[in-house]
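What follows is chain A paired twice: with chain B in the first complex and chain C in the second.
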Partner chain A sequence: MSFGPHLLLACLEGLVTAAVLSLTALGLSLVFGVMRIVNVAHGEFFMLGAVLAWWAASLAGGDPVIGFLLALVISPLIVGAIALLSERLVLRRLHYNPEATIVATIGLLYILQQAALSLYGPEARPVPAPFNVRIVLPWFGYSGYKLFVIAASASLLVATWLVLTRTRIGLVMRATQYDRETAQAFGIPVDRVYGGVFALGAMLAAVAAVLIVPIQQAHYLMGRDPLLLSFIVVIIGGLGSLRGTLIAALLIGLSDGVISMFFSPTLAKMIATLAVALVLVFRPQGLFGTAQR
Partner chain B sequence: MSDALTITGLDCFYGEVQVLREFALDLRRGEVLCLLGRNGAGKTTALKAIMGLVPAHAGSIKLGDVELTDLPAYQVPKAGVAYVPQGRRLFSEMTVAENLDIGLMTRGKGAATREAVLELFPVLRERLKQRSGTLSGGEQQMLAMARALCVEPDVLLLDEPTEGLMPSMIARIRETVARLRERGVSTILVEQRVDAVLPVADRVAFIENGRNREIVDVQRLRDDPHLVRRYVGVG
Partner chain C sequence: MSNTRDKAGFANSRISRRTAIKGLGAVAALGTAPGYVRYAGAQTSEPIRIGFQAHKTGIGAAYGRWYEKTTMAAVKLINDAGGINGRPVEIITEDDGTDPARGAEVVAKLATQHKCDLVYGTLFSHVVTGSAPVAGELKVPYFVVSEGYHVASGKLNRWCLQPGITDVRSQVTSVAPWMAGNLGKKVTMIFPDYAFGYDHRDYLPPALKAQGAEVLAQIAIPPTETSFTKYLPQIPSDTEVLYHVMVGPAVLTFVKELGEFYGSSGPQLFGFIDSLEAVDINSPGLEFLDGSHFWEGSPRYAQENDSDAQKAYRAAVGIDDNGASLQDPKDISTAAHMFGCWETLYVIKQAMEACDYKSTDDRAKLVEATEAMTEMKEGPEHPQGDKIFNGKIHQAFGHQNISKLEGGKLKVVHRTSIEDGQYEPQADYTTTPL
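What follows is the complex of A and B.
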């Protein structure tokens, strides 16, 4: 294959990574931005999403379309409920103290990981894609499902953006993000908003996992890479900035796809980590971050 | 006049430090009551305690018959108290319209309330789509008051609304407070400067070391400048 088609293939692979990463990172960014909490367990919500997708697909008795649709509904709901329970039982009792919640979410990470190991096992298990269509281009054929992942992620991101910018819930979330005390002084139940945002962040990670699991397989340790990459995206994009998260996810995803294909995946991770270091030194608030009260 | 708000025996702490000590106050219906005192006297804490933003360790804050200390902070504005914080505390990344929407949501008020508020502050109508952080200082203060008035409050708490404003803007703020009094809104106004208080207040409470030392009619304050010197340190 010549360079041009090779680059196109790398970019398509990068776009798939960027699509899933932007959903996962958006969840982390919302929690980070609104609640000022570094959720170290975010990758485990992603992992739970994938494991529950396998379970939901197995309930469907082998029909990949029904299994996928079932996973798309059940998995985010269960992960959201677990996140809400964690928020009520742990984070709220710590009064959302930034240092204490880091330690608490590290604990949550291990609890969820070990629970998955105990209940699901150490094997990597495949989930069938809902359809197997191959798009034939003049230079190579490409998975129709991967293009669907890009389109579905883009639609979800647009929907999230519309919720945040055009609805009453979005207004309430943004007010809480900008100034918690003033939000309360205008009748906003900040604790409830926190619960909702933590659940929403986890659900976005779970949806991303359901979308990617037909490509990657579900495994109880699969939460580590999404967590690292999501932190990279959130730091580069800026705390709580939807636009920053999307642009950073696109940059990291595309560079990961291209560098992994032409050089090596390790080099892609090294460059992403270097980019984070440079952003932290020269623009600590991120490319699109703003000063917070 | 009956009381719109009654505070008795209020104790509040920041950590280990006691900021309000057996603080007591009565706000009559439709009056403008000013809290005067030095920096750190406890004026802002008193307002925050009314809003539930600083917990009451002991004592009572009653809005009519409703005990506010029993309510979570987010229900205090729904009961009819609106707050204009010191330094305005606008949602500066949001537009003027969105800031007003936050106020309107508080008690489920709609377009009629918004129109009435914009009639009080017509300059805001031209800036509805502008990001509030880009407004001038005076416009930001108007927006902070407009946002609070969107709550349609029975009691309005204003924390140093004239701070850092030009004299013409200070006059506008006073004029607005006077118009609100005509509409029956009871107002607690925190100020450090006596000259900002005299033209608009009905009574003045002198706050010192977390206590309300004395409440006087504004006419007595005009007649006896020593009172001000005693509590605030300037005449």
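What follows is the complex of A and C.
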């Protein structure tokens, strides 16, 4: 295959990675930005989203479109509820202490993972894509669904951005992020905002998983990679910065696609990790983050 | 209120299993405690304890579950028929998380804490390689069902044996002539980037070369990879046969992306069923595999010419004609590999009877008795077919099946002879002292 088509394929693959990654990382970034919590269990919310998508799809019976739409609604809702519950039962009782919540979310990670293993099983299970269109290019074929994933993620990101910048809920969240105590003094129910943000973060991961699961499969260990990549993205972009997260996700996704296609996937991971190290050394607050107040 | 009760019930069921294991450990500890006097004669009726190193969690969990089912089915039959040397067989299962470090701990725990007579049942090659030194150190027989070449290569130690399943080198050597003769002579290989994949990488090319075929490219894929489209442009366009062997949960993605990439104009496919063990061959996205060929250790689907032994084995393990669980047709077995557990347990039985195995003091005798085995006849104890055991390299050799995927089922189109898979042994474990 000549260079042009090869590059095109690399970029398409990179964009799919970036699309899903930006949704997942946005969830992590939001939770950190507003609550100052490092949520190690974030990848497991992603996994739960995928597993529930499989459940919803099998609930819907044969029709993949209905199954997919059902998954798109049910899965984030249930994951959000689980997140809200764990926030109320665990994180709030630790008073959002940064060290304690890291340990608690590690515990949560194992609980969710082993629960999935016990209730769902060790198999990787496929979810049918809502449509199977193979886009035929002169050099290779490409999945139409993957293009849909890119578009769907982009619109979800825009929607999240609108919520954060244009609505009252977003305003409340931003106020809490900016200064918790002042927000509280102005009558913002910080406690409820925390619960909502934690649930929203988990729901974003779940939506990303619903989108990706017809490409990959639902498996109880699938949460690890998205977690690591999300951390990489969030650190490079700047914790709590929406714009930084998006740009870093694009950067990591595209470079992963291109480098792993032309060189090797291991090199792509190495470069991403190196980038994290360099960012931490030279710009600890991230490319677009603001220094800790 | 009901909520609390539910919780208690959940906790209880969790604890009871733990308690059971702890209880076993406690009993084992009690037996060795000073002042504890065993009464004479108890030794003969004491069960033979086989430690089962199981992949209950981690990447090998689907395999582990079916290895356990097969093991329990075989042990039930053995016990119903009077056990081994008149003693019942007891399986003590420990989860290794499909992790080499934990695997080594599990072997040590089974050998010293549970006082098992031997350790058995490991599949994944990295766990075997990680656990083998401990087995050698503790001088406990380690019967693996792994199909990696590591046992036969001589890289492990005299306590590691693989009498119930053939190794990858033998498998690829025996299928290469059929591939070159029926599918094409220009082959590109896709394999996982670790030990198991390297056995394929190293031994398929010479076997193909001997048939006048060649390997155009070798594409190693990290075992944790989840997306494959990026590797597909590396497949040379004049490839006639795409040889794929993958493990792990991402294989469906691999096939799907292959289908999207090639459409209807791709090369011939030859795969190792390892890719699709425990996966329904009729899953959405696998349509692209229709008409392609697979290696199978033991056929997943019941075949027309199945022997009575094969039928009895399938019934005992509890799989239907499609290789799925009798209870749940969606629960697909790992049929191509799990027969190895069954056959290994019968080899252990035969060897223990041959050396009149009495206690853990006879562990060395058990290894020697296994080494002395040569032929294993097809029958209820060896339902996959007859085998030849090479005591020097601790490895069994047997028949391989090549199946074609047609109409949603795998049909065996060729069965290799034992000779097809023979190679010159490169080691001799019997020269090292026990």
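Keep this in mind: the second predicted complex is superposed on the first by the 291 of 293 C-alpha atoms of A that agree within 3 Å, B and C clash if a C-alpha of one lies under 4 Å from a C-alpha of the other, contacts with A are read in each partner's own complex, and residues count from 1 in each chain.
Note that a residue touches a chain if its C-beta (ideal position, glycine included) is under 8 Å from a C-beta of that chain, and two chains touch if they have at least 3 such contacts.
Everything numeric in this text was worked out from a predicted model, so none of it was measured.
*Asks:* By the touch definition at the top of the document, which applies to A:T266: first (chain B), second (chain C), both, or neither?
*Replies:* Only chain C is touched by A:T266; chain B is not.
*Asks:* With both complexes superposed on chain A, which partner does A:S143 reach: first (chain B), second (chain C), both or neither?
*Replies:* A:S143 sits against chain C, while chain B stays out of touch.
*Asks:* Which partner, chain B or chain C, is in contact with more residues of chain A?
*Replies:* Counted on chain A, the partner with more touching residues turns out to be C.
*Asks:* What is the contact status of A:R134 with respect to chain B (first) and chain C (second): first, second, both, or neither?
*Replies:* second
*Asks:* Examine A:E99 and indicate which partner it touches, taking first as chain B and second as chain C; both and neither are also allowed.
*Replies:* Neither partner.
*Asks:* Looking at the overlay, does A:R174 come into contact with chain B only (first), chain C only (second), both, or neither?
*Replies:* The first partner, chain B, only.
*Asks:* Once chain A of both complexes is superposed, is A:Q217 in touch with chain B (first), chain C (second), both, or neither?
*Replies:* It touches chain C, and chain B stays clear.
*Asks:* I'd like to know which partner A:A185 touches here: chain B for first, chain C for second, both or neither.
*Replies:* first
*Asks:* Both chain B and chain C touch chain A; at which residues?
*Replies:* none
*Asks:* What part of chain B is in contact with chain A in the complex they form?
*Replies:* 51-53, 72-78, 83, 85, 89, 91-94, 98, 101-103, 105-107, 147, 151
*Asks:* Applying the document's contact rule, which stretches of chain A touch chain C when the two form their complex?
*Replies:* Per the touch definition, chain A meets chain C at residues 1, 6, 9-10, 13, 16-17, 64, 114, 117, 121-124, 126, 128-129, 134, 136, 140-143, 215-217, 219, 221-222, 225, 257, 260-261, 265-266.
*Asks:* How about chain A: which of its residues touch chain B in the complex?
*Replies:* 168, 171-172, 174-175, 178-179, 181-190, 290, 293
*Asks:* Where on chain C is chain A touching in the complex?
*Replies:* 57-59, 61-62, 64-65, 222, 224-227, 229-233, 237, 248-253, 256-257, 260-263, 278-279, 283-285
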